[in-house]
Amino acid sequence: GGLWAASGPAAQAEEGKRGGSLRLLARAGGGTLDPHINYTAQYFQTNFILYDGLVGFKKANGKDGNAIVADLAEALPTVSDDGKTYTFTLRKGVRFSNGQPVTTGDVVASFQRIFKVSSPTAGTFYNGILGADHCLAEPAGCTLAEGVSADPASGTIVIKLAAADAEFLQKLSLPHAAILPADAPAKDVGTDAIPGTGPYKIESYDPNTRLRLVRNPYFKEWSKDAQPDGYVDEINYDFGLTEEAAITAIQNGQADWMFDPPPPDRLPELGTKYAKQVHLNLLAAMWYAPMNVNLAPFNDERVRKAVNYAVDRGALTKLFGGANLATPACQILPPDFPSYEAYCPYTQAPGAKWSKPDLEKAKALVKDSGTAGQKVTVIVEDNAVARSIGVYLQGVLAQLGYDASVKPISQNIQFTYIQNTANAVQISVSQWYQDYPAASNFLNVLFSCGSFHPGSDSSINMSGFCDKTIDAQITEALVTATKDPAKAATQWTAIDKAITDKAPVAVLFTPKQVTFLSARVKGFVFNNQTKWLISQSWVE
Amino acid sequence: MSREDRRVVSFAFSTRPPAGQPDDKGGRAPPLTSEPPPQGPWAVALRKLWRDRAAMVALAVFLVVCALCLMAPLYAQFIAGSDPFQTNLNGEIVVDGEVRAVLEASTEGLGLGMTPIGPTWRLGPYMLGADNQGRDVAARLLYGGRDSLLIAGSSTLITLVLATFVGVVAGYFGGVVDGVLSRFLDILWAFPIYLLAISLSIVLISKGLEIGPISITAGSLALPITIIGIVYVPYVARPIRGHVLSLMTSEFVLAAVGLGVPSARILLRDILPNVMTRVIVFIPLMMALNMLTESSLSFLSIGVQPPDASWGTIIQDGQGLLYSRPMVAFAPGLAIVLCVLTLNIFGDGVRDALDPKSKLRVG
Amino acid sequence: MLTALASRFAQMIFVLVGISMIVFLIFFATPGSDPAARIAGRNASQETLQVVRHDFGLDRPLPVQYALMMKRLFITGDLTSFVNRGQKVVPTVVNAIPVTLSLVLGAGVLWVVGGVVVGVLAAMTRGRWLDRVLMILGLIGVSMPVFWLGEVANLVSQSRFHDTFLFSWVPALGYKPFSEDPAGWFKTLVIPWFTLATLYVGLYGRVLRASLIEVLQEDFIRTARAKGLSERRILLRHGLRSSLVAFVTMFGLDFGALVGGGALLAEVVFGLQGVGKVTYDAMQNLDLPTIMATVIYASFFVVFANFIVDVLYAFLDPRVRDAF
Amino acid sequence: MTPVQPLLRATALVKTYQTRRSPLRRPSPPVVAVDQVTFDVWPGETLGLVGESGCGKSTLGRCLLRLTDISAGTLEFEGRDITKASLHALRPTRRRMQMVFQDPYASLNPRRRVGDLLAEPLRVHKLGTERQIADRVAELLTQVDLRPDHAQRYPHEFSGGQRQRIGIARALALEPRLIVADEPVSALDVSVQAQVINLMTDLRERLGLTYVFIAHDLSVVRHISSRVAVMYLGAIVEIGATDDIFGSPHHPYTQALLSAVPVTDPDRSKRRQRILLEGEIPNPSHRPSGCRFHSRCPYADDQCRAVSPPLAAAERGRLVACHKPL
Amino acid sequence: MPSDPSLLLDVRDLRVSFRSERGLVRAVDGVSFSVGRQEIVGLVGESGSGKTQTLLSLMGLIDDPNAIVEGEVRFLGEDLLRLPRKALQALRGGKIAMIFQDPMTSLTPVHRVGDQIVEQILAHKGGSRRAARDKALALLEAVRIANPTAVVARYPHELSGGMRQRVLIAMALSCDPALLLADEPTTALDVTVQAQILDLIGRLRGDFASSVILVTHDLGVVAEVADRVLVMYGGRVVEEGLMDEVFRDPLHPYTWGLFDSIPPLEGPRPRRLRSIPGNPPTLSSLPPGCAFGPRCRCRFDACSISPPVQRLGNRRFACYLSASQRATLRNAPNAGAAAVEGLS
């Protein structure tokens, strides 16, 4: 009910006011500015208004934002029947922020550049392009000669894939496929900005203090859906303040927004005194506890299930800020996501919804497995929420009879640390946020045999879960999707359930995004991809 | 060169312990015939310390705090609202006949966030309120104090043992040994203390420590103890080395050499006992310093690891509740202030009694 | 003088090399510190990982890596961060220095003035209640964890009493460069200054008091009295002037340590992006190049402060001056 | 006349101190604390060693007992060369030569009981069982006019004179032949000083000791010594029988030294022709060229400024380092 | 007794005591003496006998809060002990100056010696810095410092002990004091230098018309320069008289002991010295009666009650012994002392 009140469409109906500036806050800078490389939620958000791909997610509120619209291409591409050839026509008259017009040459160069700079997703999202394997092996000499070709005269670009890919357009909509000037350096530009096509451009950047965006003087709105013009003239993104300090600053009107989630103790205050400035949005994400299926005691499915049964997800939402900020979840796919169908086997009354933990069953399972008394260490990120979840899990494991301990590790390291089998992590707490709205982005990415790389710091399948049957189902669903999306959707639903049943992880809850804006910011648009759409807010 | 002989004598007179009343045998007995029983330097120092009222009060307060914390397992369950290390997210208590959740959900407005119950201010459950996991802050304070005190004490022990060893060896053997050790100390010295502690912590906390037979698992309490113990070694070793150097040129060591006493024996019988006074003076001051360091490291979350808790980690927990339940961070902070304060006052007393000339600095 | 400088310099180099090696080794002993995966980004393919590793020279032998890193840090000066790619670490540290300096200088002025006032007052009223009160207050200041005091100060000035006239002037946390906004610079730093100084006022007051009392027992003070000088003159010109030697020495070392990153806790609590904070962030990220730069900078400062102190010492104490 | 062997023979002894090289200090020239000192100590005699502060008396004393390393020259004790003997090899010799220190406060370890201090040498040299050692300690204490029960006390419970007695007792513990006493009485009050001097005289007679008695007080030296050596800036400038030296000093420095001593007899003090030396002892690291005394010598001439006079025999048993002895 | 106007200083029944844990420590216990114009009075006694405290109390320089100073100190008719602080301050370093035992530590190490002299001149006489500096140079010349212009710019540590003592003396003389208090000015110096300083002090009387109280433990030093001698023991004056008389015929057994303890520099050498047995007293546990009693070889029962001060012409001494007893005991062998000496 009241949950969505603050972000109703009414806000959009108002006429926005141009001018002014925004002061945004984050605890730290987000790393490199290179849109082909940066893979942080923080800079994805700004890169969406700095850069454009051939296609893009619709810059619209809520679920509408999952739609793909033509961006630098005049229209959505024509796709060959076998689903392997995509033909785009480049929009004319678009210029980069340095004044250069966008040409087909830029497009081709940009695709090559993805590989030349070793974009993190080059090998996972764009490896389907013909010739990509070559580029991956030898980035410097990447040409993608067969994969990407352009006709400057007609402005057409043809992309050929090795196999049909139902999610290819979504992948192209991400900032990693942004179109950059052909003369952009073929290496990570780090703190030097690359000109883009969005309504803003980067004026200056120091990862320790500030990222400053100003209007792109060459920007002319070509599609309100794909890249609407921004309202404010400049955006100052300041780094270094703690969350507490940032909240206070926003409350006192000294700043407009903060990237990091507000600290839990400030939430009651935000929910009451500042309710008008707070926006809550469901995220396509999950908090979960990967359990290493190759290490004792979690190599025993009963133990993993026991953990799932024993975890009081209701209590966990309290650690996250209460029932209005998180919803208990048992399954992999988040609510409102493609192929989602409520499913919860790990509760007192198994069914669609989680109600209560079933400690008896859990204890029975552990007893069955005969693993009680073993040592278990929970690896968590070192921040307040994750630490408290870790401590909670440790308590649960102790209740189940294990000799449990928690080990918080610096936030920035934990994510790679828990992936590497060399570190022998038994159980950890992690989160997964969608890259783009497709079931495979959870199920395939996190649980396929292909994403398990023993001994590597990049092995996103943290559980080391590799089930031949399920892997086959995933492959099949991926293929089906290219021909029969509806059927594929049901297949994904089944896979979701199957993986949930195998319990390689304990899904804990689905978080909500709290956006806290200063009183003077108007016009809130929340897009699933970009989160708060900065360009669509104005200041009074 | 000055001849200070006269001064020396008059100085000695003014510091001499009282000679007894002269023997009454005809009033002709020379002084020192019925002296008080022999008074060792330790006894003299102890008596001096005993007479230092401020130091004794401070010691008493500190011991009371220690006792309260160390004996927590004996009585804490009677006044605690929860197990200090077990989350109590769904707990409830009765306050003024009213049942209240330990973690109260906000019901107004958007209904965001949970607020742990605040201090009840009466001897019993949740005297100081709960933390964000619903645990009784008072109980955590008592149990956390155990770790804080343990760390402060043990790391002081490590520092002093290592520093005494290094300082004495460097000072006594001199030459190459001194050169190597001193250079090593120089490096540690120039390493900003927190940076060193943080560097060590980051490695050790994720990996544990394994040197030969010593093996400390990651997350163990022994890690912060070791780290804090190590980083302050130069601060103590340097003055001790200086002290040994000056003792080495003292006449009584020369006298021992002249008597043909072997070096090992001189080191053990003549140098060490004299160094010990300074080492002892360091104890309370180092404990105070280490307690502060522990809290800082824990605050930076590289000290004590959950579920263990120390006052520093409780402050860190409380940091997230600073605006709604400041008591969670306040109480352990005050506990630290109290302990460090009393230790410092007591340390001053010990110094005055044992080694007034050593210019040690607290903090 | 020249040889003295040269040997100091040699000592400094030795210490810096030692420290950089320790940091380097610590880093590579740390699990989960393979920067390649974090540089490459979430869910990067193995090929990408390999390429990144090669690009950053992480597949070379450790001594080579160390030498390269030192070369890029000291000779070419183009060493870049592992985390914020492209961020040159040297300018990063250089940019953070004014923040730390502002914080420490202001606090230093406060605590030196405060320490002198407290120390002199206490020494003058030795044994009386003012002395006791000052000493206890000083000790309490020394006994407070600086981060805790900072948190409390923030709570009071930013939230609880922000709307009262007392603290309504307090700006949001964070640093404002002096060159851009002198008033803002001052306002943002006032509370951090006081917080940091609280710790040291007590310390310096106590040290000064002890040293003054000791000096006041000296023969030359008796001479000064016998000369018929006023008590104030004796205290300030003969007593304080002689005690100042220890005071200045201590100040130099503390100042060096603080500027060299010791103010880390205060910087973290007050959101000041100074050297300490940069270091702390880098440590959290295991950003070796930045850690390397800040730690070397910091130890350089400590060693340098030692040197300055020796020079100052000689300047203040004529007995040492001759040694030059 | 049977040739008696000297107990101790120092030949051209040199001791230089290299001033510590600190990073901030410019290296200063080494201090020659003892410079080419040659003399013998004969069994049973008391050799007094006088000189102004800093002239190297203590350093020479320590060299004689090999408490510091000797830079050059040779040192023979009972005919054996011990110049370079290792500390270990020296240990048996240590039993026969001992030292009494100047500062009765610094020379006793404040943390050990007197009995323990006295027993230490006995234990180290394994001289008897614990019982025997205890008896010997009591005996030693009695020997120096202290009570056996004083063994239980700590040094700080004694007055300066008593401590000096303890120091003497410790030196006696090993029944040495030679005792080097480094200003054993200068830290004491006159009245106590006399007691200790008496004690040392008594012991010498009772135990047949040989003393090297260092002092700066000429009247004390005259009282106790049979021979006197006068030191100036690290070197012996005059050496001879006590009565000869005090009766007719040959070296201008000895003469000035003697004339400077204030005497308690007001008549004599008024009669006396005082020789007031100009200036003060030069810094031993910047010794004047030529005769080391020329900068203060009332009789100095060009020869004195240029050539250093050797310590040469002036008359029987008398050596003087002066170009024109008085 | 009205104070004699020809006297510069008249001290009556001066007492300095310190409150301590062990009761009152009487460091100076009823000391009376006077100093005439241009007179040099020597004050001798062993360590701890109260010499320094006597001097300090004259100038109000005892700053121990536990100290109690009683009695009467008339200086040119004014009672110094009752003088207001300001007036006393003006007097110190002005009419009365003092020099201390240890020249090495008595100068402020961080100021140039010239400035330290100038400071005193300015504090008392005012005037320009330049004039004060000239005066300082003149003073240094007067105390026979070879190169005053160079020396004023030096720091104390650059001067030798003798030079420093000269600087201190120059400083003390800078305001033409009528009375100079010298507390063991030569103890820390070598004999040759001591001779120079004593020579200098002896001249003060003529050159500066000052009186001097010279504190020392060395009878020889007194013999060199003093007109009158006071011998202190255990906080009291045990004997007083003209120097010649006291040295020729000491009256108090303690004074005898002092003389006997010093080995002679001429004449036959005695095999043993006739020393005073026992140790100097601890002030906090003085025996009742005569403080010297326990160490005295002539002690008899009456000594347990404080002896009265006897007068013999100009001389005073505190002892029961009659003239005849003194005559027999003075040179008798250590009669009653044997028992005492061994027991010290």
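We call the chains A, B, C, D and E, going by the order they appear; numbering starts again at 1 in every chain.
In this section, contacts are C-beta pairs under 8 Å (C-beta built on N, C-alpha and C of every residue); 3 or more make two chains touch, one makes a residue touch a chain.
Molecules present, by chain and UniProt name: B, C = Binding-protein-dependent transport systems inner membrane component; D, E = Oligopeptide/dipeptide ABC transporter, ATP-binding protein-like.
Keep in mind that what you see is a predicted model, and the values were worked out from it rather than measured.
Each step here moves to a touching chain, and the least such steps from chain B to chain D number 1. Shared contacts of chain A and chain B, meaning chains that touch the two of them, come down to C.
Centroid analysis (C-alpha atoms only) places E farthest from chain A. Taking the mean of the C-alpha atoms as each chain's centre, chain A and chain C sit 40 Å apart. Taking each chain's centre as the average of its CA atoms, chain A and chain D sit 89 Å apart. Centre to centre, using the average C-alpha position, chain C and chain E are separated by 54 Å. Counting partners per residue, chain E has 47, 102, 161, 217, 277, 279-280, 295, 343-344 as the residues that reach two or more other chains. Across the assembly, chain A contributes 244, 409-410, 413, 417 as residues in contact with two or more other chains. Multi-chain contact residues of chain D (touching two or more other chains) are listed as 53, 159, 189, 216. Chain E meets chain D in the complex at residues 46-47, 146, 160-163, 190-196, 198-199, 217-221, 223-224, 243-244, 247-248, 257-266, 269-277, 279-280, 295, 341-344.
Against chain A, the residues of chain C that register as touching in their complex are 31-34, 36-38, 40-49, 51-52, 55, 80-81, 83-88, 92, 95-96, 154, 158-159, 162, 171-175, 268-269, 271-273, 277-278, 281, 283-286. Those residues of chain B lying in contact with chain D across their complex are 1-3, 5, 8-9, 12-13, 15-17, 35, 38-41, 44, 250-252, 254-263, 265, 269-270, 273-274.
The touching residues of chain C, when paired with chain B in their complex, are 11, 14-16, 18-19, 22-23, 26, 29-32, 139-140, 142-148, 151-152, 154-155, 159, 199, 202-203, 206-207, 210, 246, 250, 257, 260-262, 264-265, 268, 276, 279-280, 283, 286, 291, 294-295, 298-299, 302-303, 306.
Chain A meets chain B in the complex at residues 2-3, 6, 244, 263-273, 275, 278, 280, 312, 314-316, 318-319, 321-325, 377, 382, 384, 387-388, 390-392, 394-395, 398, 405-410, 413, 417, 514.
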